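Structures follow.
One chain, chain A, appears in both complexes that follow, with chain B as partner in the first and chain C in the second.
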Partner chain A sequence: MSSENNQKLITAFSTALEIDASQVIDDLKYQSIPEWDSMSHMFLISELEEVFEVEIETDDVIDLSSVGKAKEILTKYDVSF
Partner chain B sequence: MDLLQKIKENKHLCFIDGATETTYSLSELLFEFPVSKSRTLVFLYLDNSIQSLACYLSAFNTVHTLVLLNNQLDISLKNSLELEYNPAMIYDATRNEIETYKLIDSDNGIIYHKETVQPTVHPNCKLMLSTSGTTGSPKFVKLSEENIMANATSIAEYLPIQKEDVTPLNLPLHYSYGLSVLHSNMLSGGKIVCGLPDILQREFWSALEQFKFSSLAGVPFVYEMLKRIGFLKKSYPSIRYISQAGGNLNINIKNLFIDYCFENNIEFYVMYGQTEATARISYVPPAKLKDKITSIGLPIPKGTLSLDPETSELMYEGPNVFGGYAVNKNDLTLWETIEQLRTGDIARKDEDGYFYITGRIKRFVKLFGNRINLDDVERFINRTFTTVVSACVGIEDTHLLVVYEGAELDAGEIKKVIFEMYKIHPKTIKIQQLTALPLTGNGKIDYKNIGLEYDL
Partner chain C sequence: MTFENYIEAEQFSFDKTEKDTLFLSLLNDLHKHHLGNSEEYQKISAGFFQEDERIASMADTPFVPVSIFKNRLMKSIPEEDIYKVLTSSGTTSSVPSRIVLDKATAALQTFALSKIMNHVLGKNRLPMLIVDSKSILKNRKTFSARGAGILGLSVFGKQHLYLLDDEFKLIKSALQEFAKKHNGQPILIFGFTFMVWQYLAEAELDFELDLSNAILIHSGGWKKLEAMAVDNDTFKTKLKNKFGIAKENIYNFYGMVEQVGSVFLENSDGYLHCPNFSEVIIRNPKDFSVQPHGEEGLIQVISLLPKSYPGHSILTEDIGVVMGEDDASNGWKGKYFKILGRAKKAEIRGCSDTFNN
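And then the complex of A and B:
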């Protein structure tokens, strides 16, 4: 389950940010690459909501500022990694 | 009229570097920008840092013609623009070296210079701005210092800008809207805060509290983000007014902000404009916004709006109308006197004199505040995928719809090449294969009927 979710997360990031799956590591941070800007961030949020069938709360939209943080936040919504 | 001279008279003006919290006066920011003997072309690749701002203002303080560009542009796009225009000087803090250029000033920024045979630039041409933002198109709008001065003065007249204001520079400086916020606030405002993180970072919101921002400016996408991050659930006592331009804001979101602003005693300015008019053309007085919610409002002070009697195209006249386009360096020698700016939008006027956009003559879609020429995209697709004929339309300025007839293509592949070329996010592109493109009576593509049936 957890590795499946991990794969889903990587795919969601690479789809929304238009980057290679190999770039999706825990340390990847918002605005650290040109591809992860405010526009793609909003697509990322809806992609994650769709893939994991969750509704991400307003505060979490800002807090979700790295791949690692995404996992932490999604865990709150009962998605395990 | 000298803009900087006028700005120097504003004794309340100062600049805060949000990153270091240091405050600078205008004279502290200005440095001696390397001057060559005659007017020459200077490329400035900017972000919202205090260094970029200092460089822009210092370069403005010379006889040179400035081309403002996004420093995040792809290196290949930078190279092709430099090849096309052959600027004598380049400011770009993101590059350590530029081929054929020599580094001449590294204290005040990274300025590169080369001895070059320059095209003679028309003396009216002070500034050149792109209308597309991210694509590195060589097409620029030529603006004079008079254009800039007139528009800034007019904006400062209708917006409630005052000496006590603290204005964040949260829009790019190479974008006409962002630049107009800077200019009008330098004329009549107080503190201007640069070097801020974007609104999706916590630090922006702590800076808002710390410096007590009195206004926010945003394109429709910024308002969508504000809504999504819970802006409407909180209150920000320092904010006196907010402004929106750069395209049509979804009416539901507009309504939410109208109610929020009413409850929180904030003035909400919905505005309309084009880079060809330096930035601003019209605005809706906040008190009328609820009644005139779909309107682009009334012309700004010193501007006139009218409708072409035959086509109903919206026409604008005013001292901020540009001097023509430049698509290559030969155009730099020219300056056109344009009495009436044909906006490319079709409009109507109500009994109170308010204007409403009802359609478009020019074929473009406005995504994320940037104009995308649909015919360009169409030609590009037909050139890239030679087995199909495509047609592109915009859907409500939120999506680009590409329909095509011919061999079936992988939708992902089409989106990918469009993204690489135009930086249009694949999520905002819709692809549809048709058995045949709809045609009008005289055999042209019937664009009106393409978007109609498509259900987002």
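And then the complex of A and C:
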């Protein structure tokens, strides 16, 4: 289950940010690459919401500042990694 | 009270007594930080004080003219800590303001904005209608203040629908689809004031659009609409009559690139309201003395957020008047004001002369 979710997460990031899956590591941070800016951030949120069937609250949208953080936040919404 | 506790507090909850004590004490900390880290600020500040450079009361807060951000790169952090430089060109000049941010200040701005918006929107993101064209965001590196505003507010919505196509024509089919799904439901609408008027309030639709549970947030000023004799009440009445948007769910806001995050949101009396971490003072353009409530003058905006640049106290080129304090009908504490327009060129020139000497 958890490795399946991990794969889903990597695909969601690479689809939304239009980056290679190999770039999606826990340490990848918001605004550390040109592809992850404030605009693609909203695509990313929609993608994550769709893939994991969750509704992310405003504070978490703002808080989601790295791939690692995304896992931590999604865990709150009962997605396990 | 620590800074963290102060900004975490429920919005619009601090009255004059708390502003004069808690706010003032945090403002003094910030003032001291900028005195120690910005030579430009130190020079300007020195002109305001006889000896001890402590801000004894809110009225004594020194200020920098807003134009200084066009002429100089103002910063209170070392070069290597610069994370982002915000730029925006003003309406009267093509020279852009440049605002230096480090990571901490940028994060604080985002936090502050969400604190204010969550107060009226709640923490769940609503389906969002944006009264603009997506083309405004096309060039990500140079997008305008309008683009930045849209992106900043997008965080509070989901399933974003841009109402206009690349030629700025209403995409009726998409709006109809949206209406079918969300009629009568809570949604968020955002747009620039004149865009909302022109493309939403004046839209001729051949289907029902029920916005009775929508919240509309708009910004950008009334200049264009005033020329068409549309004031705030006309604006709200038309949207209410046409689509059922409740007048109390329409919020204008005032903000500027020089103090991102410290937005002044319209209260239920139709005036712009200071959040906990901001304050306004109205100054007489002739001698910069503080005007009593009800008297117009130049608007000075004070914010506790700017740490990376000395922009915590700015004299704007806008004319406004304080309408009251702590007694808004919706219970919000703090000062509220209205904007009357831009200062005349002569008044602005008077200000810059004062600072150049």
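Some points to look at:
The rule is short, and it goes like this: the second predicted complex is superposed on the first by the 81 of 81 C-alpha atoms of A that agree within 3 Å, B and C clash if a C-alpha of one lies under 4 Å from a C-alpha of the other, contacts with A are read in each partner's own complex, and residues count from 1 in each chain.
Quick note on the criterion: a residue touches a chain if its C-beta (ideal position, glycine included) is under 8 Å from a C-beta of that chain, and two chains touch if they have at least 3 such contacts.
All of these numbers come straight from a predicted model, not from anything done at the bench.
For the composite obtained by overlaying on chain A, chain B and chain C cannot both be accommodated without a clash.
Contacts of A:49 after superposition on the shared chain: chain C is touched, whereas chain B is not. When the two structures are aligned on the shared chain, A:18 is found in touch with chain B, with no touch to chain C. Put chain B and chain C next to each other and count what each touches on chain A; the higher total goes to B. Once the two complexes are overlaid on the shared chain, A:72 sits clear of chain B and of chain C alike.
Using the contact criterion defined above for the overlaid structures, shared-chain residue A:58 touches chain B and also reaches chain C. Using the contact criterion defined above for the overlaid structures, shared-chain residue A:35 touches neither chain B nor chain C, since it reaches no partner.
Chain A residues in contact with chain B (one complex) as well as with chain C (other complex) are 37-39, 42, 45-46, 58-59, 61-62. Of all residues in chain A, only 16, 18, 30-31, 34, 37-43, 45-47, 58-59, 61-63, 65 touch chain B in the complex they form.
Residue ranges on chain A touching chain C, taken from their complex, read 37-39, 42, 45-46, 49, 55-59, 61-62. Taken together, the chain B residues at the contact with chain A in this complex read 72, 197-202, 205, 221, 224-225, 228-230, 233, 368, 419, 425-427.
Residues 110-111, 114, 117-118, 121, 123-125, 137, 140, 151-152, 154-156, 158-160 of chain C are the ones that touch chain A when the two sit in their complex.
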